[in-house]
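Let me give you the structure first, and then I'll get to my questions.
Should a chain be cited, it is by its letter among A, B, C, D and E, assigned in written order, with residues numbered from 1 in that chain.
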Amino acid sequence: MTETPLPDTLSGLLGLGGFGIAGELLAGILASAIVGTFMLLNTALAGPWAKRKITAAFTDRISVNRIGPAGIGTIVVDAVRLLSKELIIPEDADRPAYDIAPLVLASSALLGFAVIPMGNGIQVADPEIGLAYVFAVASIASLGLVMAGYASNNKYSFLGGLRAVAQNLAYEIPLVLTGASVVIFAGSLRMSEIVAAQSGTLFSLGPISVPAWFAFVNPFAFALFFVANLAEVGRNPFDIPEAPTEIVAGYQTEYSSVYFVLFYLGEFIHIFLGGAIIATLFLGGPAGPVLPGIVWFTIKIWAVFFFTQWARSAVPRVRIDQLIQIGWKGMLVLSFANLVLTAVIVGVIA
Amino acid sequence: MSNPWIAIGALALVAVIIPVAMMVVSALLRPRVPELSKRATYESGEVPTGDTRIRFNIQYYMVALLFVVFDIETVLIFPWTVIYNDAVTEVGMMRALVPMLVFIGILVVGLGWAWRNGAVRWVRSPRAQRQKVER
Amino acid sequence: MLIEALLALTLLGAGVVFFAPDEYAGKLAAALSLVPLVGSAWMWLNYEATGNALLGGDLAFETTAEWIDLGPYAIQWHVGLDGVSMPLIVLTTILTTMAIVSAWTPIDERQSQFYGLVLLLEFGLLGVFAALDFFVWFVFWEVVLVPMYFLIAIWGGPRRKYAAIKFFVYTNVASLIMFVGFLTLVFSLGDAITAIDLPQIAQALQVEGAVEPISVFESASQVKLFAFALMFFGFAVKVPVFPVHTWLPDAHVEAPTPVSVLLAGVLLKMGTYALLRFNFTMLPDVAADLAEIIAIVAVLSVIYGAMLALAQQDLKRIVAYSSISSMGYVILGLVAYTTHGVGGATFQMISHGFISGLMFMVVGVIYNETHTRMVGDMSGMADRMPWTVGIFVAAAFGYMGLPLMSGFAAEVLVFLGSFGSETIAWAPIYTGAAMFGIVIVAGYLLWAMQRTLFGEFSLSTDYEVGRAPLHDVAPLVVLLACVIVLGVNPDIFYGMIQEAVNPILENAPDVGGGL
Amino acid sequence: MAELVQLPEWAATAPTLALVATALVLFLIDSIEPKSDSVSRTTLTGVGLLGSLASLVLSGWFLIAGTGQVDGAVRLFDGSIVVDGMSLFFSFLVASVTALVVLASHDYVEGENHQAEYYSLVFLAATGMSMVASVNSLAAAFVAIELVSLPSYALVAYLKHNRGSVEAGLKYFLIGALSSAIFIYGISLVYGATGAFRFDRIAQAVGTTPVDGVLGLGILMVVGGIAFKTAAVPFHFWAPEAYEGAPAPISGFLSSASKAAGFVLAFRAFTTAFPLDAVSGTFDWALAFMVLAVVTMTLGNFAAATQEKVKRMLAYSSIGHAGYVLIALAAITGTGNDSLVLGAGMMHLLVYGFMNTGAFLFIALAEYWGIGREFEDFNGLAKQAPVACVAMTIFMFSLAGLPVGAGFFSKYFLFWGALGAGLWWLVLIAAANSALSLYYYSRVVKAMWVEEPETPHEIESYPTALYAAVIAAAVVTVLLMPAFGIVSDEAISAADALFIP
Amino acid sequence: MIDVQWYLLLSAGLFCIGLFGVLTRRNALIFLMSVELMLNAANINLIAFSQRFGHVDGQVFALFGMALAAAEVAIGLGIILVLYRNFGDIDVTAPTTMRW
């Protein structure tokens, strides 16, 4: 069932097997390049474009439409425009931290994709502890945020960084605990095995057979995870680290030029990474009829992305105190309950 | 199968190279117009008052401490979830589940205590409290 | 169970008195102290025992009970009396009651605490003399320190705090060193004993080859020597013997008179009693080997004590230093290993207990009236306090060893014994030297009495010096009576002492001498 | 044992469970009513007292019933936890000290914030101590030791507006964190050398494979970690500051129960995991403990003798006592004397639990009255508070080894055991130390009874609970004298069981 | 597979760096970080040895070690916080007066 990871396929194709570690590394880099390009196309190009279009649709406006088909070229132009802007570094900024912060944010999000099985054998690696790995690298991002907030030497940035940390902290535990409840079903942390565990059929309604996706097996966990994920990626209603009306632009207040691009990009990759995790954990990964896996996978990610954008336009932002209360008093307790309940049910069935 | 971590290392390399490449491109493209006043930190156009070293709400700290404790507990929960299915068949549900229930129970007592003692109560306004009582 | 009852009642009495109101604490304490006094008198009348407690003798009022089992060795509650301890018990009870009565005048503050502590002291002393298990004995041995510390530190003279802590630490160090020595000996016995019962150990030690060398020691004799030396040192401090005596003058001078009475009368006897029980009963062969050295130490104590007494102006200090001298005789008698030597030494303990107690008490009574003890400050006390002075003179004669006083009997016996000793090479010379000590003390006492008691009365006070009250003089009379009775008829105690002492000599045939 | 109901095996840990349950109940009470006033303080003390007494009764009952002793030790969690005579003995000790501390704290924490937390932390630490007594694996040992340490840090710094308390907490924490790092590193090395955490498996591995330097270094580091808990040289620096700055009941708690926990670990680890004959080639720990014992007791006693503050004197003397107890390990020779000397160490810790806690509780009383901290400030206190001063006198003399309390027996039994091992030189050193200790302990007594106060003390109230705790400690200290046979029987049979493989 | 010696060397290095920090730095936070380094050095050891022996004991214990390290940090930060409030500094040598 488990498909061969992409580097192995490549190394087989290109005959790199004989070169030892160097060969493995080369194959890995090639595979990474493929996955990276694919994800960047999604996140850097299609993502911002879709976001603008969706927001415009919600507010009944016309969005980008000048350059390229349906205005998609605008995004490319924007990127070039931003890259050629002057980089203004605020006084007394904590230099190394100020420079590293955007790098951390963007890289950490990309790193998460290493273990996501995208179907058709597109998966960079499939280690035993894939799920733990993906949670781990995804939360490195908050380090980037707090670095940015602190290094900017600006009160608003600092508050934004603090808020980002508080929020990530509050929702990290529900997220991980809910993820753990999935692991109870799958019995493994390996991503491919989690996907494989969802391949059966839950029940059939006449001709339609509902797959055993964990979203259907445990919808409660799915909802919890979805909400926690929204907070993790910092989207509405949980976008208080940026909260332009409260603290300017939060941690990215003092960033311009390429650094701003990196932040912007990093956030988008994060949203997509969140979508990928949800797709893998709850939506059967690349599974789906007729179409190849990679397509289904992309569809699922985009579905999550659409939902995120819908939330951005439809749900008002919570206050910081509400955020903390929802996290610690609501989500955490619910996720504990979910975990225990899942364990009991699984135990009874088994 | 090859060592997955080499591939992950390769991806890490790529994940760093891409942003760095962007930075390099930008460094080649962008102008540089030094001017002192634009380096002032942004405070809605006013003269900045103070820097990043401000007194912030102690609750941030409380939340961080709570997190440290609870996050580490999830590390201990994960191995249990992985083997839970097998454990139930092997030693029965009682022995697989009850220890973890005890563990989570203790955590919940801790959470309840923190909750009641205001570790996660963000807004504390003595004045508002007073008014509430007076009315 | 009689001894237990006695101990328990004394302890109970101490507790009651400690928390009693000050007004009648003294009377209450005196009344309560009659309980052990009567008890010990009854025991003495009903005393039926022969032989030495440690050497398989038949004991009076013996009880044994399991207490603590420490694996290799057990600790038992084991008490009992033989001819050595019975007289000491009687001495303790009599002196305590007398000391309490004599304290009515001088002790005027925190009385209930004072009398409570005195009774606690009596409890400890009785226990020391009755215990036959090492650890039980050691408990009481150490208990004694506690009340004594407070008695000196609270009610003593100007340098009382220094004297108390010095006494405390000195004797405690000594006990610890003794403990090390004794237990090394015990462990060298291996499986030969099951409990650290003194009789059991003493009897095991009599067996040839019982002692196995342990630790760094290479031979049995080394172990024995080590143990003997450490124990001797430990007890010598308590006695005290010449080089390690320095706590005694301080303690005596600073202690209130009733406490001095007990200190000189009974506490010093603990040391000699322990020497007799441990060193000289258990390790006679080592004692004989070291007899020369011990005899020298003893004689030095005698002479040195006397010399120091000679240099004093303070009456109390004179008595205190002469006590060192007297204890020297006891050691000389013990090391002689003759019937009269050891027996006389034991008798000297009793005798000196009464006499020195009496002397201190007399000095105290005079002090109560004059508030000075300096020889040069007063003269002609006989005019004002005829009874007291009369007793003083009688007591001094007892001290000097005049016939019909217990001191005479004791000293004659000791010198008789030591003169004929076979263990000491130059016994007659040592004996002669020791006798010389008596002459010095006698001479000096006579001189001091001459100056203070007789002649024109002169004492600069702003009040009229009168006669001592009856309750001050009564204890003096009682003690003097005891001294005279013992002097006239030493056999009251000497008979039982002889019976208890002879087994020691029989058990050490190669060192035992004749008369 | 003919019991009506056969209890499950895990019930053998009931003394520990009682403590942890109490801690949780206290947290729950605090969750229900976070704002504590005097009524809830009474509730907290009551619950705490109930819990500690329950633990006390359970451990006492198990001791008498022979749980884990008659049919061999009860092994739980794959042998990581062992309930035998020694663990019950120390559970008993911990529970009794906890009871005293809880009772005394009732008056001491009056007017402080976070009282429920205070009690809960006390019970969490007590749980750890009780657990240390039964660990049979280095992993469990580390967890248990940390469970003792972490609440202790917070408790020492409990008076958070008091600079002394905070300073004490900081120093305790810094050295504690360092030593726990060293401890776990040592554990990792031992694991590397033997491939096991469990004591018996380590012993097996040590017995079969040739020992190397990694193991020796590991053991040395483990000794370091234990030395911290027992306040022995070279990790003793924290002790004077921590004991002086901490709230007095906590000082008593730490210096007796926490120290006992460190020692029980040492006893078990070094008798079962690193038997002397197996590891003496790499690391002759008996010799190491001899040196440590001598240095610790000498340093502690000499430093104590030069102090001007009573609490600090007690702190240093506590180091001195750690030195005495180290004799129990130093004198292990592999002969029949071992269980006596180890048992004597256990006895001393038990008695020390009462007399030393009592002494610190008396200090708590003095602090409650606002009496100063130096010896002179105690002058003439006996006139105002004779009963408490009698109790303190008993503690002091018992600590010094005079037979007014059971400290006499335990100390001399230790010396006895050392002499049985032929270490008469060690005992002579200890004796010199003991005499020195008599000097400084009697300074307190002298101040209370002999000296006259410059200004009379004004004592307004006599706090009932604190008084009760002090008197209870004194009564037990004295009563343990006649009843010492029971203590020594339990201790020696518990120690015996350790030497039976 | 990498030899266990290399892990040992790495952990020893980390441990020494931590120890160096502990001994030379006076800032309480740096002290805390140094101690964490030492703890993690032990964890590396445990995991490396665990892999060598082929059982998970060491790894499980490393988890406990992390949990305890975290708890230690929580307590330590609290103490440092009250230290700052009382002394206005987090220099560990600042509080030297054991005086009430």
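What we mean here is this: a contact is a pair of C-beta atoms (placed from the backbone, for glycine too) under 8 Å apart; a residue touches a chain by one contact, two chains touch by 3 or more.
Treat the numbers as computed from the prediction; the structure is a model and nothing was measured.
S.K.: From chain C, count the fewest steps through touching chains until chain D is reached.
M.R.: Steps on the shortest route: 1.
S.K.: Chain by chain, through touching neighbours only, how many steps does the shortest route from chain A to chain C take?
M.R.: Step count on the best path from chain A to chain C: 3.
S.K.: When you check each chain against chain B and chain D, which touch both of them?
M.R.: In this structure, the chains that contact chain D and also chain B are E.
S.K.: Suppose chain centres are the mean of their C-alpha atoms. Which chain sits farthest from chain D?
M.R.: It is A.
S.K.: Determine the chain that sits nearest the middle of the structure, using the mean of its CA atoms as its centre.
M.R.: Smallest centre-to-centre distance to the global C-alpha mean: chain D.
S.K.: Any idea whether A-B or B-E has more C-beta pairs in contact?
M.R.: Contact tally favours A-B.
S.K.: Compare the CA centroid of chain B with every other chain's and tell me the farthest one.
M.R.: C
S.K.: What is the distance in Å between the mean C-alpha positions of chain A and chain D?
M.R.: 52
S.K.: What's the distance between the Cα centroids of chain D and chain E, rounded to whole Å?
M.R.: That pair's centroid distance is 26 Å.
S.K.: Based only on mean CA positions, could you tell me how far chain C sits from chain E in angstrom?
M.R.: Centres of chain C and chain E (C-alpha means) sit 64 Å apart.
S.K.: Just give me the whole-number Å value for how far the CA centre of chain B lies from that of chain C.
M.R.: Comparing mean C-alpha positions, chain C is 80 Å from chain B.
S.K.: On chain C, where are the residues touching two or more other chains?
M.R.: Within chain C, no residue contacts more than one other chain.
S.K.: Using the touch rule from the top of the page, what residues of chain B touch 2 or more other chains?
M.R.: Residues 71, 115 of chain B each touch two or more of the other chains.
S.K.: Where does chain A touch two or more other chains at once, residue-wise?
M.R.: none
S.K.: Between which chains is there touch?
M.R.: So, checking each combination of chains, I get A-B, B-D, B-E, C-D, D-E as the touching pairs.
S.K.: Under the definition above, what is the set of chain D residues touching chain E in their complex?
M.R.: 139, 142-143, 146, 150, 153-154, 157, 160-164, 166-170, 173-174, 177-178, 180-182, 184-185, 187-189, 191-192, 195-197, 240-241, 244-245, 312, 373
S.K.: Quick check: in the complex, which residue numbers of chain E touch chain B?
M.R.: Touch list, chain E to chain B: 60, 63-64, 66-67, 70-71, 73-74, 77-78, 81.
S.K.: Using the touch definition from the top, list the residues of chain D that touch chain C in their complex.
M.R.: Its residues touching chain C are 336-337, 339-340, 343, 397, 401-404, 408-409, 412-413, 415-416, 419-420, 422-424, 427-428, 431-432, 434-435, 438-439, 442, 446, 449-450, 481, 484-485, 488-489, 492, 496.
S.K.: Under the definition above, what is the set of chain B residues touching chain A in their complex?
M.R.: For chain B paired with chain A, touching residues are 1-16, 18-20, 22-23, 25-27, 29-33, 38-44, 48, 50-52, 54, 56, 59-60, 63-64, 66-67, 70-71, 74, 77-78, 81-86, 88-89, 93, 96-97, 100-101, 104, 107-108, 111, 114-115, 120-123.
S.K.: State the interface residues of chain B toward chain E in the complex, per the touch definition above.
M.R.: Listed in rising order, the residues of chain B that touch chain E are 61, 65, 68-69, 71-73, 75-76, 79.
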